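Shared between the two complexes below is chain A, which has chain B as its partner in the first and chain C in the second.
Right after this comes the complex of A and B.
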């Protein structure tokens, strides 16, 4: 007689090592789990709530400057180093891990208009209101040595911005004209100007940079020269997308940011609005997916690269007009320099847990993220995920601007209603802000 | 001498910028010219820059010396010493001088610059456009890992570190010789030359596809073998008989085809058949003389099945012993007609209400089941049918000897019909679920009225397109710090936003057309407040069928239609139908008594034994009656109690969210669970993989040109570019390969 005996394969229920999780046999048959959606919805709701509870983006403030912070620069090789120049001509090097100033030097008389670190990280350039370009060593001078620049170039006019090539010993400045400099020479190797306009900001495209010495490549630096886009208001700064060679974003005095495709400059690719005052600075995340903007309205906003509205707004009680902003090269932090002499360190994702995560922690984070994404359209979840606190001044201004916009659009609608059909073409938001494109 | 001296002086004195010359200086220049002209020979006057500078003002260029012409031959005047060689060139130059085709004056600086700019713009934009493919690729990628060009971790091979390495010691040389001779890999130990060749010959994707195909073929083969083995093992004679019959039929069919396609082979077959027939005739095997046949003959008096079997055998006998006639085409057609009886195409065979067996066979769905059918999860419907297809069918065939082929065909049709019905059920299911369960499960409404849509648009920011809607932050003065705050926030929504709720009601009405129309009807009736007796006479006529598509048609048509409808519904008792409906709904809403008695628990159990009365009394739990229905006192109204207003706050009110194109898509994604409670570990990992992965503490450089080259290569070969397709190992390999290529170059 054959006797049937219960037999189980130990592989099915015994874990391989002691550190593994206990194996739980499950039946994944969907008919046995009628409430899966409901349960996941609740989980998503909880995840969203927890995200908001843990959203504490502010990490540290670096104080030490004696005037407003006017410019900042990232170190290309070291994540923990940043440089900042203030309005009194002082330049400071900071160690972010220790949150302290490492070195202070009086770089210029008057404003430090721009700082840029050479691609190798061994030296940096500063420009100031005293019409000087100075090159400094990154290392702190030894005991008894004087704090002196390696090079000083006396310019003819005031420089407004500076940027260094990402691979060659070439840098570019803007002012009354755009100058391209070889590091070894005291006069610009090329300079460009167009009419009498002074140029506000000049940036190398980090992706597509050909040596400017070879041939006609200057248009690659700045749109205003290559193709003048005249907008209703002044553009303050621009930043190239580091992952997409032809997209750049410029921040404007009219509270908006505009992302352009450099091939089609006749209208912006996306208009990003949410700020309630002039936008002063913008910087892309190194992944090229988002960018952060600093505004005169004392707030920082993070925009997705193709989203019209911000996904995040940062502010603190004491932060005044934010003048400069940088996104750290490891995509984790944001640095903002503001009028009230402080540099602030923020998390790029407000609710993110910093430091190493255990694998299970990581899995949980991923799962929660996925849930939030899955249920993002549900009203409760959306409401909680999108709720942000705003200072009263900004809040009321937001409201005011909304009312103004509505009124304007209503008026336009009414006028159009009474105009001859076809006589008033509909102008889209994108087209509205570009006056002309000059070739 | 004098003039030379003066010239030198002039050179020295000329300032950088003529534009800054004062009038005095100009006069002085003129004076100098006058003096120089005194010295007999006329000299070419050239303005020169005295100082090197990048910027040359356009105002420095003056028109001095314009009148003087220089002969081209003057230019080679200094080469007088070799006159023989120069005569030819002089001639040429003279010829050139005779040509009076003057060049156009150059464009102004502004114009030239503009042209240059435009050309440069076109050039650069073309160049930049090369990135398009890479950019699009990255946008589509399921996962991006930053930094993009990660070096493989771990120790590197010596060849990578030291560029000019060569085998030097005799031992090394010997080893390398050996490797060379055997065509073993020198640098990359992973792949041999042959392997690399195969890799080149077939891409990974192709190989995968091919492997999958082979696997499938192998699996099919094994299934087939297993099936054959199983069938061989079956001892049942009846089964084999049935099988044989099927085979014979198939054989005949094949033969028919063969007659058409290959007459020679058919003739051969025919001979064989003839032979077998002759054998049969000689053996008298199928006569009614066998043991089995005799027993059946006895049974035939009492048993229907036996009689049938006997008849069948007789038929077979007749078939076999008959003289064979080659079937013609006409007969074929007849056969087909026989194979498909007419009533198969009928919507539903009229069932014999008395004979339950008949019903069991031909229609599997009793009327009672129809209602519950809707509540069965949609996936289960087709699955059940499929399960019935396979082994069950075999078993049935074994058991039911008397089942004829016709019945089998019929069953096939039946199953197909069932499948069709199941599909319908799938379509109906989501709606019904919503109706019946009223839970958060179905959170999206399928259809929206146009009005709703407009409303939503008006609420949104006027300058923002709908796609951007969800991205908007809701900024307020309230700081949310704890979970309790969050709850309050939620309450706020439901309290201050009545608009979505109303839209919700609208949408639910549309998703549940039946109940909604009933409600609407009810409301209409309530407004009129008509006496039921009056309704009895009038309502039956005026009943406006809400689904009637004829409402749009012409007036005459509608009149006719109405007349027809009137006629059609003349005998209908609408009122009683309605009341019945209402009663049914009421009874459905009443709680049922829960019976928790366990037979055999604490007393004897078994067939025919009932649990004791006291026990039954004790374990039958009566549920408290629900609150009175809202339509209790309203005679002509049915108010649905299924809608749960507390759920409305959790339901999605938008018509279509951005990445989705239709609500069904959205529903599907919502229905698919993500968590590990419902999925295997690997699946969860795959589903929840984040879109962007960054390494802690790694500096992310801007995208480099190498990526562009990579992207272009991929675009040329037409491989899929998703990063997720490429495992880390493969990536590493490709990188290594690239390095080798560089080295070879």
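Right after this comes the complex of A and C.
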């Protein structure tokens, strides 16, 4: 007779001393782990619920301005520094880690229309309603020194926006015309104008070109205009995708944002809809996967770059019309400047835990993330993940807009039904908002 | 291997001056030498390379040409180590799907990536299998010795002391017969005597946790999710006690309970009562989840399918019914025996069901297709069936417990083991993760050794027999968080991960919803009103008839046209062939 019976030595399965961690022998045999899918589903559901529980995006409010915050700029070298200009011509430098203002200067008379930091981070430019372009040092003037700009250029007309080149000593302003300036000269090296429209916003492409708004783009230092897209309503600002430099997103007065591929400007690549009032500012995340938009409807929304609807909406009771928005360079925070003189600091990922994570914590976060992704289309999970609280005004307006849209499409459908076949071609949402493309 | 021995002899370092190992930048000056060496090696290895097996091995790994090691020696086993196919099969989850077509390149990429991850996980699991510490037990007789004749005493003598101590008898002749239950990790044993004796103990260390008499009939006992709580079905109500024997709850909603099953991942206690009710109690919140009237009389045969948490009930008319808490009707009703059903057991993987009936038959079913696989005739019939983790079946006939091996794959003639207890068997259960079968009978309890019954390697995060109280607390929290909702109990537990393809009707309905009208709807023909007697009912009917079956007419017209076209083509072809054939024969004049 040959016999073997299971006989385990407990020493192999329990820890030796109390100082050790517990032993956990594993056996991955699927028959020992029944209900794999349903358990994962339950975990995914719990993770989704917890995400909603921990979604507390608001971090801090920076107050100190005495008028609405009109523009903001990120520092290219320092994560903790931002600059903000207000409607009374005051410019403030903030330290985000301390959450306090480190420097205040009266930059202009009237609005500060734009502020941009030079790529080296040693100085910054401001433009204002007093037709001035001023260059300032980043360092705080020493004791007894006057707060004075390094350079001041008096322009011919009011400027609306400014942007600096990413490596050269060249910057560009917009207003009645687009001017390209050399830092060393007091007159623009090149000026472009077309029609009578004024230009709202001009941005250097992170790779090569300039793109002024109301839609033109052309290569630098060549007088030829590439394209002009005429849309149904005014576009306010635009932002280039930092990772895919041929994509840019502009925010429009018609509540939508439009992402264009600059190679095919005849219709937008994606239309982003969700805001219920004019969209005033937009900024891309440094990863180029998402962007954040600020709107007149007192809310901030985060959109995926190729998604038609927002994944997140931020609002507070006290926040008024949001005028400017920035996504921090470490992809973690969002800064919003609004009408009621405050700059607010938000988390880019509402449920994210800030600070250092223990390795196990990190593993758990990753695991939950994957589970949420895996089961995201299940109705119960999707319902919880999509649920957001909205201010009453926005909520009712969303409903109203939806009803209006349905009514419009119903009418169109009925008209088409009774029209001669083919006489009413279907116009897609993307084509609807573009009037013409001028070459 | 002899060849490699030769090489090692040739390259022996005995008597040579020790040299520093060659570095990668020293290639140029010694190239000639290394070439020579390589040639030598090649020469030695030629017989090896012709060996087809070795060649196969070489091609299997992803890193081919592993000979370019800095030291100049060729790798004898290039590539990653091969994994046996049956191991890979064990960890396989479903078939590989078809890739989506090229235009959906993003989806395609995602599918390819996830499939690669799955494959990697499968391979790593299969590799990890090698590291499992324990092997399963076995019992083999000598030549012409039946394993079923080997007595428990002999086995207990042959094995080591701790294992030998697992064969023991508890003589409890006063309050029997006994029902029993092992906790999920196999550490604790719960005994319930018919005449009210309830006791729980750590059976390996023989440490008594509590012992009491509830002064009532005890129909069944069951551990709940941990060894801190157990349920006892008494004469009238269902009671829950803690491990010190303190009554925690008396649940008046559950009366006349005869049998109980605990679903550990759902935290559900399923009870079958004498009044024909199947009830589910959620033990984490203490609420009744569902009460199903089975309309099948007294329910004293019950089993659970551990794979999908479906409850199997055996009835006096020979049927076995399958139940979930979400449905008032049985999911499946199977006629298994010509007499009443005496006992039911379902195996761990949810593939096989074993039933025994009053017709003295023992039957094995495949419960994926509900087909009978084997049918055995036992002269005395079997009362208590139990299946072990590794698929051993124990069947009690009177006071004899027989253990069978592989009842489903091939017809079995002899039991694997047999043991006679002192009284009639009342309950039998295999202990999880141990080679032990617990038998409750009229004269007490017998724990017998059944080599090869238990799963040798447990998973520490699922059921750990050696867990500390701290670990148990942590496990409890995690298990409660992962509690599966009772709505998710269904026949196929993997259904949640499958794609819910919408039917044509559903898609059509969505389209109608989106468009606001049905694009496929036919407008009913209403004849226009005409004057001068042309709208008399006869005329109207005639006009209706003219347009009636218009769609069918279209089809008919089309088919007739097609047929004529084919006919024409055929004729043309024939003519052509005739022309090619050339000369006309005299008989052609008779051709039509």
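The rule is short, and it goes like this: the second predicted complex is superposed on the first by the 398 of 439 C-alpha atoms of A that agree within 3 Å, B and C clash if a C-alpha of one lies under 4 Å from a C-alpha of the other, contacts with A are read in each partner's own complex, and residues count from 1 in each chain.
Note that a residue touches a chain if its C-beta (ideal position, glycine included) is under 8 Å from a C-beta of that chain, and two chains touch if they have at least 3 such contacts.
The structure presented is a predicted model; accordingly, all values stated were derived computationally and were not measured.
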Could you say whether A:166 touches chain B, chain C, both of them, or neither, answering first, second, both or neither?
first
Who touches more of chain A, chain B or chain C?
B
Let me test your reading of the model: by the given contact rule, A:119 touches which partner, first (chain B), second (chain C), both or neither?
neither
One more residue to check, A:52. First (chain B), second (chain C), both or neither?
first
Tell me the contact category for A:12 with respect to chain B and chain C: first, second, both or neither.
second
Could you look at A:366 and tell me whether it touches chain B, chain C, both or neither (first, second, both, neither)?
first
Which of the two partners, first being chain B and second being chain C, lies in contact with A:313: first, second, both, or neither?
first
Between chain B and chain C, which residues of chain A are contacted by each of them?
26, 28, 30-31, 33, 35-39, 41, 43, 378
For the complex, give me every residue of chain A touching chain B.
26, 28, 30-31, 33, 35-41, 43, 49-50, 52-53, 76-77, 79, 166, 187-188, 191, 206-208, 216-220, 226-227, 242-246, 262-263, 273-274, 286-289, 304, 307-313, 329-332, 355-356, 363, 366-367, 369-371, 374-380, 382-384, 386-390, 392, 394-395, 398, 402, 405-406, 409, 429, 439
Chain C - residues contacting chain A, complex:
90-91, 93, 125, 128-129, 132-142, 145, 150, 154-155, 158-160, 162-163, 166, 265, 306-309, 348-350, 433-435, 449, 451, 454-462, 464-468, 470-471, 481-485, 488, 493-497, 515-517
Of all residues in chain B, which touch chain A in the complex?
54-55, 114, 116-118, 120-121, 123-125, 127-129, 131, 135, 138, 144, 146, 377, 379-380, 439-441, 443, 461-465, 468, 470-483, 486, 489-490, 493, 500, 649-654, 657, 666, 669-671, 673-680, 684-685, 687-690, 692, 694-705
Taking the touch rule as given, give the residues of chain A at its contact with chain C in the complex, in rising order.
1-8, 10, 12-14, 22-39, 41-43, 46, 378, 410, 413-414, 417
